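We just call them A, B and C in the order they show up, numbering each chain from 1.
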């Protein structure tokens, strides 16, 4: 009898311990999410309608999706590029390594809105040819650039501004993966005559696959949610899914557009994550 | 089947070394936690005690620019508090007009209005009326309203009483007229003695400035945030004889065609131009700022930028082909439904509309006073900006119709703007027409879906148009 | 050859360090240099020229710093508390569950992290109004807790798992209940991880923008005040406030460096 009660306690009390967290998550995350999805198909006058989505298409939903994807993947590529270099450095022992690690981690702690503020001074909208990046270019006699003149340069500014704060996470994940690769494999590869690039392609990358996928999922998801940076730097032009949702959120009659835009955002995040998980599984 | 959990454990498996208890660090961290918690508790305690001591408190919700907040908190509110001992006015400065509308609705829905008065943009006031969030002020109007209002304010009240079946949901509080600003030194260098009087001259002067080496002389409020582009375009379309709500009448189309031509002189930053923009006049990235609210005068002439009437010019702006009417911006007072301590709230509203306060805000903040008594006995050296304001009002002002769907119109006109003017290459005249027709059609469809067929038809029959108030 | 690659390595390290420090350096420049060398200039100087506190003084004259700071401080501390209150038992429970269940629950946590803050914030703002949680510290903290909780669970889970199993078993044999074991044995032994979970949750809330914007616009926290000042053109106030917001997190980041590991940081998704 006593044994039975113990068994019951053993198997159910862990669930009891986890349940407050689950209840909390249900109320504050899952329930509102379902509400948002449901409301995206309502209007003040009708229900079960696609009119909010049609309205959004008029307001360039497709562009917003495109921009969200372009900036997200652009930023991911840039962040991985920097992160590989940093992780490669961190995998070695050298004087000042700890200081370097600290410096590299710092931006992670800085608030996104502060990053947006600082980059709005490095790449200012006004004056158009001013700001810190242009005065830096001038040191080398290079001509000033108007960063907001066209779509491409706007996207570039967004990618650069976003990457400063977010490269550290990617670098940390990759670095923890690299310390797991034994030096012997590298030595063996070097003996076989593999140069640094081949070693990177055929030793580092395959061994890091899981870590790369983790970093990709983690960063990818928050990349799609990019909000404060475009809001400060380019407002609504080009539009993103987040800024589109925000643009319509304040008015009673148009809040349904916000629900629709955030539902699309959620769908994209879900698809991306499922694909990444699938990749990992088949890998 | 590995899962996410396995990933996490896989990673965690490599971490024990770093997680071994390090007592020195643990203590340091604990001390830090204690500091943070104690700090927060002390802060929270103070906050709580302060809020207990409030006595008769009213909350005044507004959305003001920084120098305006400063003036309110340090000069205006203390006067009221001194005259009414034991009262306490808390100014809650919200981030923008859209925010004010959603906050008022939230307070009313959440049944947590308390003793509050709200100053809200006359543009979005239609949204809170539509949401049924504000009180009919008719019974208390006689306690609040000054004995003499300027014409535009009288017409505004008459207008709402007619539209809302005799109810008065708002009273005008302060008005604002956008002005055009220019760099006198640059104009003189380009051989221009007076700022452009009409749109034709504007083009000519822009060309002169360009020839004189100022390659991007004009700044335009072309940004999407807080209806910046929408507000500026509204005035342009009215001055070209159009009804902005329609998007595609003759005047509207002409406006866009003109702006396409003018845009070759725009400072490239115009695509984000908005009502916080003015520093370029100082730094020289443009020489004419079309257009901006008067508050920037105090900014540009302050200790940071130190401009003076010698190099900073301001005037009502070039007249359009049809008229030179100005959009009357600014805020109206509303009392959210369910507000408490109404006598005190009324008293504060009255104070804000009295000639004393109205004169001060006219002189210090260049707000157009709605109380006509405020214009008596103005000092002889009434500022440059004040004079520009008064002459703009003399030329004629109008109000944007506070339709509850105004924010959708804002989003649409901004959309048309980006497609027609910001796009490169810019669309041809016939394409411009098509874009504007599509906008009209979309707003109609939107109204059918969200407000019903009747509203949509009224829209199509031109029932919503600018309200002429002078 | 060896020497050359060593030199190269330091060049790259120096370059990367400069790249990562530069934006922070600019923040300090704007805050402490006379305005004619920074914001007032088409070509702002890359190095400090003169030192002034005038900017900060001017900036803070028209800006209420104390209220948003208190608000941020309270909210962040509450978020830290939520992350521990719910996170400690959940992490321990997870470590004791069968792997199938643990898998399901951690996947759930992961998906929670995936949901965009905007998706949640807009409907939550509507229901918070009815619940009288709109524009309150508690309401905002409950929403921001969503960001901190999964992260704090994963961090604590790692800490609990790293303790020798024998210790725990011994305690259980001695008759200690599950909760007792958790709070008298495991938590004290994982003190530094618990502290880290609190402080990092604190920091995630301190920096958070999206929930704060939508759920507490009337009496905002610091990040939203910074935003308002940026777009009102009050750049000096933005830089002063940014400095106030950034200094504590620089200290915390340096202190907590060892806990900032990729696998835990997945908690900071909503950034």
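Following the convention adopted for this analysis, contacts are C-beta pairs under 8 Å (C-beta built on N, C-alpha and C of every residue); 3 or more make two chains touch, one makes a residue touch a chain.
Model, not experiment: these values are computed from the prediction.
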item	value
Each chain counted as touching subunit A and subunit C at once	B
Chain pair that, of all pairs, has the most C-beta pairs in contact	A-C
Whole-Å separation of chain centres (CA-atom averages), subunit A against subunit C	16
Rounded Å distance between subunit A and subunit B, as computed from the means of their C-alpha atoms	33
Multi-partner residues of subunit C (at least 2 other chains)	39, 41-42, 224, 227, 231, 261-263
Per-residue overlap in subunit B, given as positions that touch at least 2 other chains	4, 7, 11, 99, 102, 225, 274, 277, 279, 283-285
Shared interface positions of subunit A, touching two or more other chains	127, 129-130, 176, 214, 249
Complex contact set, residues of subunit C against subunit B	35, 39-42, 58, 61-63, 70, 73-74, 76-77, 80, 99, 102-103, 106-107, 110, 125, 128-130, 132, 134-135, 154, 157-159, 161-162, 189-193, 195-196, 198-199, 202, 217-220, 224, 227-229, 231-234, 236-237, 255-256, 258-259, 261-263
Contacting residues of subunit B [partner subunit C, same complex]	3-9, 11-13, 15-16, 18-22, 25-26, 28-30, 32-33, 36-37, 39-40, 43-44, 46-47, 61, 65-67, 69-70, 92, 94-95, 99, 102-103, 106, 109-112, 225-226, 274, 276-279, 282-285, 299, 303-305
Sites on subunit B touched by subunit A in the complex	1-2, 4, 7, 10-11, 14, 98-99, 101-102, 105, 124, 127, 130-131, 216, 223-225, 267-269, 271-274, 277, 279-280, 283-285, 404-405, 407-408, 411, 414-415, 418, 422, 424, 442, 446, 449-452
Residue ranges of subunit A in contact with subunit C within the complex	9-10, 13-18, 20-22, 24-25, 28-30, 32-33, 35-36, 39, 82, 85-86, 89, 92, 94, 96, 100-122, 127, 129-132, 134-136, 138-139, 164-170, 172-174, 176, 211, 214-215, 218, 221-222, 224-225, 227-228, 231-232, 242, 245-246, 249, 255, 258-259, 262-263, 265-266, 269-270, 273
Residues on subunit C engaged by subunit A in the complex (per definition of touch)	6, 9-10, 12-13, 16-17, 19-21, 23-24, 26-27, 30, 38-39, 41-46, 85-87, 89-90, 92-94, 96-97, 101, 105, 108-109, 111-120, 122-124, 127, 142-143, 145-146, 149, 153, 178, 182, 203, 206-210, 214, 223-224, 226-227, 230-231, 235, 238-239, 242, 245-246, 249-250, 252-254, 257, 260-263, 265-266, 268-271
